[in-house]
Amino acid sequence: MAFYRPAPYQKPVAIAVLLAMLALPSVLTAFGQEFYIGFATRVLIFALAASSLNLVLGFGGMFSLGHAAFFGVGAYAAATCLNSGIGDALLAFPLAMLAAGLFALVVGAISLRTRGVYFIMITLAFAQMAYYLFISARVWGGDDGLSLASRMTLGGFSLSSDSALYFVALACLALSIVFLGRLADARFGRVIQAIRENETRMEALGYPVFRYRLICFALGGALAGLAGALLANLTGLASPNLLQWTQSGTLLVMVIIGGVGYLYGGVVGALVLLCLEEVLAGFTLHWHIALGLLLLGIVLFAPKGVAALFGKRHG
Amino acid sequence: MTQLFLEQALNGLQFGLMLFLLAAGLTLVFGIMDCINLAHGSLYMVGAYLVAAAAQAADSFWIGLGAGVAGAAVLGLLLELSLFRQLYKRDHLSQVLATFALILIANEAVRIIWGAQPVMLNPPEALSGPVEIGNFFYPAYRLVIIGFGLAVAGLLYLLVAKSRVGMWVRAGASNREMTEALGINVQALFTAVFVFGTALCALAGGLLGPLLAVQVGMGESVLILAFVVIIIGGIGSIRGALVGSLIVGSVDTLGRALLPTLLRALLPADAASTLGPALASILIYLLMAGILFFKPQGLFPARA
Amino acid sequence: MAEALLEVRSLSRRFAAVDALQGVNFSVEAGEVHALIGPNGAGKTTFIHHVSGALQPDSGSVHFSGADVTALSMHQRVAAGMARSYQITNVFLGLSALDNVALAVQGRADAGSSFRFWKPARNEQRLFDEAHDFLNQVGLAWRAESLAGNLAHGEQRALELAMALATRPKMLLLDEPMAGAGPEESARMVELIEHLARHVTILLVEHDMNAVFRLADRVSVLVNGCLICTGTPDEVRADPEVRRAYLGDHL
């Protein structure tokens, strides 16, 4: 597999989409569909979370099944910040990223000593540990989670309107995608992609493989934490459900649907899955069955691995 | 205090043995087939539902248990033949995605068939009361579960350590290519192991049914505990699964029962009541992290 | 000759019930080409793993360039100046030849930190200029833009050498560089190694005796985990123990 290179049409398309996204709230308002601004914000947030997992899984080649833990830690950190008087996102969001990143650093330091099935199970187990920790500790509200008294401000501007939060989420996502795109092309990105392909060879070229993996894992955790902080603002709640392992599974499904190791994989996957959910849920209460069958179909009819369906790079 | 400790130790043993039933099949599937199966917990859930339904229909717990486990085994056979057989050769990403999809399907199917409310499963009439052990009373049914667990563990030990099939299984776990090269029908072996694992986890589901609520989602939390057991014990090792199960079962049970009391003796009441439950609930994960730090391959690695 | 660049002292290692290495003492002088030979299963690969840092010994030590490196990991030994090539071609097949070597250049401490997240690496002309030089040294410059996966077998082996060279090693550890090569490719590889030997110390593990006797200043023979003989090619050829090990007791 080669280093990631964006397709030539990618940049103009991305800019066009970004412009359309900037106009979206006014369009929705004009048609009286303000409800969907919240939904669009949700898509942006999950796109960010899935993209952060794609950094770890797609670029770093680390099959983490506990990524939702960092998402959740970010949400709880944001809620804790707000409730203890740090109400400005300019400070609270970096703190949330720091908390999630540090947690990822600890989890990674232990899990990255292992490989394969082991790594999958251990990341899952650590995420479950975080889940139980938040559920059983009273300071974090137990089963009910930690609710936010209000939304945060950003440099003095209130985020209480849905479109304000939408624009903040859009900015966070856009900046993160730009960052990830640069990273994939920078020295660090080349190293982690090469490690994904052949870690022994990289070790034999003098690279401290463990350290690169760990930093990549922690970066992914920090970005997931940012997504969590945004989601806490959107829903007004840091809920333990965010850390549940099924949430990690959902993020994984998003990345796989959108394309493992593609810059926009997480974005496409989040958009497809959340829209699918919205549509299917309108038809039937039991839409999970339909989703499950769809995923099974994807696995069974993509014999070269799931990602092969979505591009020739993995074929 | 000793009485509380004894009672909790028995509870821990009982919990550990049930975890072993789950982890035994799982560790072999992981170890031999290098296949990650997230849906193992769903088989446990479906097993519990089948036992509950059969027990209700037959008006007998034991008939229900037998029929339910048999039904789950048939389901396991069908799943292996139709889906898992194709998954063994695939990458972990595909395995996780497919078995995650199975969980979604299983949870929703159960919800459609049995509804969202928990289903009641009563223990056999004769065992519903307590028995006196020494100077305290302990539920008879829990003792029966312990007996079942010990019997199955012993049987499994004999099967894996002494029998020819067991030798193949161990060989398969430590070196799959070699086993194939020696002419063992690995495909049939895989099917047998998978079906056997399914039956074991359905048995656990059925036995635990009267103690816990039979409900949607019951499989997922227990699945992760089984993972912790396997991580601690070492993938592919039955002995590791047994030791890991007993460690996790007793540490979790005793931790939840005794840790808050212990902390109250050491810390101010306020801090203790905050910290106690939180620490108790993550105790086994801390234990896992500690063991991994020193033995990244678990206590009994099957592969050299 | 100068003082030893690599010195292995009473290295021992057991696997299960097998003594893979039994108290091996071995040294490579700076500037020489030292070949390690031995029948299949003699423990050559195990020995190489201990030198490169992929495995840890039960007892004994490895000294390199005057320092005890026994406890150092593989990447730390590379940083200390020990580069290796692999028996099986081990390059990044999806990358161009140039990118492969540039990765090796980039890994060097004097090439700067690789914890850079923003500046596109492909604009770092210096990395690629240098990578080009190394490709030139192994005669692959004209294939710089080809995908490594599209190179011929011999070219891939040469690329592997260029990558090892790009780490600017004091010693090159070549693990069967002729493996799987045809006669013509072998001849070209021998020429290449001869050329490299003028600039760098080489520890060569090889089955091809023609190549060994042509290239090596000294030869060591490993049999059943024991080093039975070290000397010039002629001395080794004449050693009765070596003849016995290779040709069997009945001769």
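All chains are identified by letter, namely A, B and C, in their written order; residue positions are counted from 1 within each chain.
Rule of thumb we're sticking to: contacts are C-beta pairs under 8 Å (C-beta built on N, C-alpha and C of every residue); 3 or more make two chains touch, one makes a residue touch a chain.
Remember, it's a predicted structure, so these values are computed and weren't measured experimentally.
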item: Chain whose Cα mean lies nearest the overall Cα mean; value: A
item: Chain located farthest away, centre of chain B as origin (C-alpha); value: C
item: Interchain centroid distance [CA atoms averaged], chain A/chain B, Å; value: 31
item: Chain centre separation in whole Å, for chain C relative to chain B (CA means); value: 49
item: Separation of mean Cα positions, chain C and chain A [Å, integer]; value: 43
item: In chain A, residues with contacts to at least two other chains; value: none
item: Chain B residues counted as touching two or more neighbouring chains; value: none
item: Interface residues, chain C side, partner chain A - complex; value: 52, 54, 73-76, 78-79, 83-84, 86, 90-92, 94-95, 99, 103-104, 106-109, 113-122, 124, 147, 163, 167
item: In the complex, chain A residues that touch chain C; value: 1-3, 179, 182-183, 185-191, 194, 197-198, 200-209, 212, 215
item: Residues of chain A that touch chain B when the two form their complex; value: 63, 65, 110-111, 113-114, 116-118, 120-122, 124-126, 128-129, 132-133, 135-139, 245-246, 249, 252-253, 256, 260, 286, 288-289, 291-296, 298-300, 302-303, 305-307
item: List of chain B residues in touch with chain A within their complex; value: 30, 34, 36, 38, 83, 86-87, 90-94, 96-98, 100-105, 107-109, 111-112, 220-221, 224, 227-228, 230-231, 235, 273-274, 277-278, 280-282, 285-286, 288-289, 292-293, 296-297
